[in-house]
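Note that chain A is present in both complexes that follow, paired respectively with chain B and with chain C.
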Partner chain A sequence: MLILQLLLNGLQTGMLYALTAAGFSLIFGMTRIFHAAHGATFVIAAYAYWHITSLAGLPWWVAALGATMAAVIFGAGLYLTVYRRIQRSEASFFTVFIAAFGAVVVVQNVISMIYGRGFVSSSTPLSRAKELIPGLYVAPLIWVSVAVAAVFFGAMALLLKRTRLGVAMRALADNPELVRVYGLDPGRISLMVFVIGSILVVPAAIIQVIATGANPAVGHHIVMISLAASIVGGIGSLSGAAIAGILIGVAETLALLVVGSQWTEAVSFLILFVFIIVRPAGIFGRAHAH
Partner chain B sequence: MDMTKLTFRISGLALALAGSIAGTAFAQDHSLGALYPMSGSNAEYGQIFSSGSELAVRHVNEDAMLPGGLTLQIEDSQALPAQGVTGMNKLVSVDQIPYVMTSFTGVSKAIAPIGAETGTVMINGGGVGPDLAELGPYFWNIIPLANDEMRALVPYVVNELGLQRAVLIYVDDPLGQSVLEVLEDLVPQNGGELVGEHSIPVTAQQFSGIAATVRTQRPDVIFIASYGAQQAALVKQLRDNGLDQQLASYTSFSTPTMQELPEAAGALFTQQYIDREKGDALTQRFFDDYIAEYDRDPSIYVVNYYNAVMLYANLAQYVDEQGQELTGENLLAARQAIGSFEFVGSTVTFNENGTVQAPIEIRRLTGNSGSEAVTIVE
Partner chain C sequence: MTSYLLNILVFVCINGILAVTLNFILGYAGIFSLAHAAFFGIGAYVAANVGLHVGPSILLAMPAAMIVCALLSVLLALPALRVRGEYFVAASLGLQIIAVSVFAEWHSVTGGLGGLVGIPVPEIFGFRIAGAGPMAVLSLAMLALISGFLAVLTRSSFGRNLMAIRDSESASLAFGKRIAATKVLSVAISAGLAAIAGVLYAFYVRFVNTESFMLDTSILLMAMVIIGGTGSLWGPILGATLITLLPPVLSYVPYLPPQQVGSIQQIIYGMAMILLMVFQPSGLVALFKRKEKSQ
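Coming up: the complex of A and B.
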C-alpha cells in the first residue's frame, strides 16, 4: 500500500514539475533564450493568485485569471523590454542569462517588500487528503492536477500541430532566418512564445500555492526543476517536459522506499546526470545542435 | 556668476560636505554588526531579527546612551554558513566592528573561529544547536539551546500528554543533527520511543512522500526541527496528507507565519519565558513601542535581538566609563565584571560558557495569529 501511496503522491509532484517545466522548455526550445526569470513568472503568478483569493476574498477563477494576466504581463514585458533589446545588440547568451537572473532577484525583493518574506498558502479542501481505502490517502488536487495537465498539454499539442502560429513557432525553433525569408516576424512569434510560456506556468503556480505554499525565494528552485525536466525531456519538447516532470516527481517520491529522505532531491539530479551521459538530447530531443 | 561668488559657493559646498563626512564618522563611533538572513527562504527571520535590533538602536539613540550614537550594519547571511563567513569577514576586517549579532546554528558555527581569532564578540539570539555553547569565550547565547528546550518539552509531551511514539522530521544541517541527538537520548529516558527519524534537505519543499512514510510508523507525536518557509510547507503537507497527530517543535514555531498558518493550529513549541508583567520601564517601553510600530506582539526573537543591542549599549557605556578602548576583549571583561543584566522581561546572568539560564515556556499555536501559554518549566 505504501508503494501505491508514494506513487500517487509522486504523480501529483510530477504534474507540478511537468507544468512548471513546460513553459520554460517551450521558451528555451523555440527562442533559445535561457529564460531563468521563468521562476520569477512563477512567483508573480503564485502571489497574484494568493492575493486575489486570500486577501481580496474573490473566487478562484477570478484569481486564476488575475494570475494569468500578471504572468503574461511580466513574461511578455520582460521579452519586449529586456531580452529583445539584448538580442538586437547581439549580446552573448550569458548577457541574457544574467539579465534573467537579475530579474528573478528583483522580483523576489519586490514581492518581499510588498508581502513580507514569509510563507503564503491558500487553504482549500482540494488539498486535504481523504482515506479512499484503508491506508491510502488521496487529495482531490491529484485528479485536478492530472486533468489540468492533460488539458494544457493537449491544447499545446493542438496549437503546435494544427495552427499557423504553432507552425511558425516550430519554424522559429528550426531556423529563424528562414522564418524571416517567408515574411514572418521572428520577434512577433517570440513574443507569442513568451505569452504562451508564461500562461503555462500559471496552473503550476496555483497548484503550488494550494498544495505546498510559496515564498518569494521559491523562483530559484523552480528554475532548477524546470531546467532538469527540460533537459531530461529534450529541449523544446513539450511532451518530453511532461514525461520528464512526471518521471522526476515519481522517482523523487518512490526513492523513499530505498534511500533516506535526505537523498530524494538528489534523485532528480541523478536522473539528469544519467540522461546527460547516456542520452544528452533528452527523451524526445533531436541530436543536433543549433 | 562672478568668480568670487562661485568660489564661495564651492567652498560652502565643500565645507558642508566635510561637515557631513565628519558627522558621519562621529555617528559611526559605535557600530554594531549583524548577520541576518535578509534574502532566501529564511528571509522572514531576518525581518524579525532586524525589527528587534532596529528598535533597540532607536531607543539607545533616543536616550543618548552612547556618545556619537549607535548604528547597525546588517550583512545578509541567507542563513548559509558560506555567506555568513563572507559577511563576518567584512564586518570584522573592513568595518572593524567588535560586536556582531549572529543567528542560525550553521552560520554561527562557521563564523565562530573568525570571532575567536580576532577577539570579536558574537552574540546569538536565534540559533539553538547545543554545541553553540562550546564556541569559546567570545561566543554568547541569549537564547536557550535546543537541549534545554527539548528537556522541557519531551517530558511534557511523553509523560503528561502520554504521547509515547515519537517521530522526528529534521532538516539536514547542524541544527537538525543536534536536535536528533538530543531526542535520541531524551525520548527513551522519558519512557517514550523514537519510532522514526526523517532527515530533509535544506531546500526540500515536497513532503507528501515523507507524510506517507510517517503515517506507516503510527506516531503519537511528530517533532519538527526545521525553520523558515520549509517548516510551514512541511506542516501544511503533513496536515493535508491526513496526519492529525500532535506536532511539537522549538522556538522556530513562534514566527508570524506559523502563528497565522491554519494547519499549524494546536502545535506545541517552546521558548524562553518572558515576564511581560515584570513592571520595569525597559519591558514596558519595548512592548509599547513594538506594538505601536508593527501592530502585533513581538516574537521571542524580537526580544532577543533587542536585548542583544541593549546589552552592547550597557557594556559599551561601562567600557567608556573605564576609559578603555572599545574592543571585543574589553566588552567580554565588562560582561564578566557587571555580572547581571536587566533584559526585557527578565534579569539574566551569564554562565561561564556564555549561555544564559531561563525558564522555558511551552506554548500552543491557536491558529488565529497567536499562541497561548501551556506551562512553564523552571
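Coming up: the complex of A and C.
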C-alpha cells in the first residue's frame, strides 16, 4: 500500500515536472536559449494566481487568466529585452545563462520584498485527501492534474504537427538560416516559442499553489528539475519531457522508501548524471550532444 | 577598521583563487563547470577534519585537500569527455547538487547542516596564523603563486594543447594530441588548486557548513570569471574583487530600509549581472584592451 501511495504522489509531482520541463525543453530545443529563468516564470505565475484568488478573492478562472498573462509578459519580455540582444552579439550560451540567472535573482527578491519569504497556498476542496481504498489517501487534485497535463500535451502535439506555426518552430530548431531563406522571421517564431513555453508553466504553477504552496525560492528547484527532465527526455522532444518528468517525479518519491526526503534532489540529478554519461541524447533525442 | 579591510581582502583572495582556477578550465579548456563550489567545499571539509583530528598545520591540510579534490575531480572529467556545452553544464550542475546533499547528510565527516566548529588556529612550521592580518598575507601569497603557476602553465605546450582542444577537438586529435588525458589532467589541476581556497577558508573562518558551498556560490564564481573576462589572467581576479566588494559597499548606501537590505542587495546584484551580459558580454577586461588598441 505504501508503494501505491508513493507511486500516486510521484505521479502528481511528475505531472508538474512534465509540464515545466516541456516548456523548458521546447524553448531550449527550438531557440537554443538556455532559459534558466524558466523557474522565475513559474514563481511569477504562482504568485499571480495566489494574489488574484486569495488576496483579491476573484474566481479561479480569472486568476488562471491573470497568471497566464503575467507569465507570458515576463517570458516574452525577457526574450525581447535580454536574450535577443545577447544573441545578436554572438556571445556564448553561457552569457545567456548568467543573464538569465541574474533575472532569477531579481524576481526572487522582488517577490519576497512584496509578499515575504514564506509559503503561500490557496487550498480548495480539491486538495483535501480522501481515503480511496482503506489506507490509500488521494486528493482529487491528482486527477485534475493528470487531465490538465493530458490536455496541454495533446494541444502541444497538435500545434507542432498540424499548424504552420508548429512546422515553422520545428524548422527553426533544425536550421534557422533556412527559415530566413523561406521568408520567415526567426525572431518572431522564437518569440512565439517563448509565449507558448511560458504558458506551459502556468498549469504547473497553479497546481503547485493548490497542492503544496509556493515560495519565492521554488523557482530554483523547478528550473533544475526541468533541465534534468528535458535532457533525460531528449532536448526538444515533447513526449520525452513528459515521460522524463513523470519518471523523475516517481523516482523522487519512491526513493523515500530507501533514503530520507533530503535526498530527493540528489536522486533526480543522479538519474541525469547517469543519462549524460550513458546516453547523452536522452530517451527520445535525435540531436547530438557533441 | 584596518582589520575590517583585511578581512575583506582575505575573501577577495579566496574568491580570486577560486575564480582563477575556474577560469583555467573554463577559459582555456572550454569546460563550463557549475561544480566549482563543490571542490571549494571538499577542500574546506578536508582541511577542517585534518585540523580537528590530526593537527593545525596548514602544510599538512593543504596537500591532503589537494589530493582528495584532484582524485574526486575524475567525477567531473568523466562527463567532460562525453559531452560539451549545455550538456556538460547540466552534468556539473548534477554533481554540485549531489555534493551539497552529501555535505548536508554525511554527519560523521561534515557535521551535517550544523557544520564543523572549533577548527584550530592554523600553523606553518609552528608559526601561528591568527587573525585577519597574517591570513591576508598568506592568502595574497597563495593567490599570487597559483595565478603565476597557471599563467606559466597556459603559456606552455600543455596550455596550447588545451586551447587547441577547446577550439577543435577533431583537429587536435588529428595532430595526435591525447585529448582524454589532457582534459582529465586540467580538471584535476583546477580542482586541486581550488582546494587551497577551501583550506584557507576553513582555517580563517574556523567554521564550515554547507551554506558556503551551494550552487549559488558556483554561479557566483562563474559570474566572476565571465564578468571579469574569460581566458585572461587579470579578468577573473578583477571579477572576483568586484563581486566580493559589492555587498560591503552596498551596506554603506544610505536610506535603505534595514529589513529589506538583503533583498535590495540581491536585486542590484542580479540587475548588474543582466546588464553586464547584455552590454559587455566579453567581460570587463576587454574594455581595457580596446582602449589600449585605440590609443
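Note that in this section the second predicted complex is superposed on the first by the 283 of 290 C-alpha atoms of A that agree within 3 Å, B and C clash if a C-alpha of one lies under 4 Å from a C-alpha of the other, contacts with A are read in each partner's own complex, and residues count from 1 in each chain.
FYI, contacts are C-beta pairs under 8 Å (C-beta built on N, C-alpha and C of every residue); 3 or more make two chains touch, one makes a residue touch a chain.
Everything numeric in this text was worked out from a predicted model, so none of it was measured.
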Simultaneous placement of chain C and chain B on chain A, clash or fit: clash
Chain B versus chain C as contact partner of A:Thr13, first or second or both or neither: first
Touching partner for A:Glu252 - first (chain B), second (chain C), both, neither: first
Which of chain B and chain C A:Arg128 touches, first, second, both or neither: first
Which of chain B and chain C A:Gly118 touches, first, second, both or neither: first
Which of chain B and chain C A:Val104 touches, first, second, both or neither: second
First, second, both or neither for A:Glu265, with chain B first and chain C second: both
Touching partner for A:Leu80 - first (chain B), second (chain C), both, neither: neither
Partner chain in contact with A:Leu65 - chain B first, chain C second, else both or neither: neither
Touched partner set for A:Phe34, first chain B, second chain C, both or neither: second
Shared chain A contacts, counted only where both chain B and chain C touch the same residue: 108-109, 112, 260, 262, 265-266
Contact set on chain B toward chain A in their complex: 39-41, 43-44, 46-47, 172, 198-201, 203-213, 215-216, 228-229, 232-233, 236-237, 239-242, 255-257, 261-263
Chain C-touching residues of chain A, taken from the complex the two chains share: 28, 34, 82, 85-86, 89, 91, 93-99, 101-106, 108-110, 112-113, 220, 224, 227-228, 231, 260, 262-263, 265-266, 269-270, 272-273, 276-277, 280, 289-290
Of chain A, residues touching chain B in the complex: 2, 5-6, 9-10, 12-13, 108-109, 112, 116-119, 121, 123, 127-131, 135, 137, 139, 211-213, 215-218, 221, 249, 252-254, 256, 260-262, 264-266
Complex contact set, residues of chain C against chain A: 32, 78-79, 82-91, 93-95, 97-98, 101-102, 104-105, 215, 219, 222-223, 226, 260, 263-264, 266-267, 269-274, 277-278, 281-282
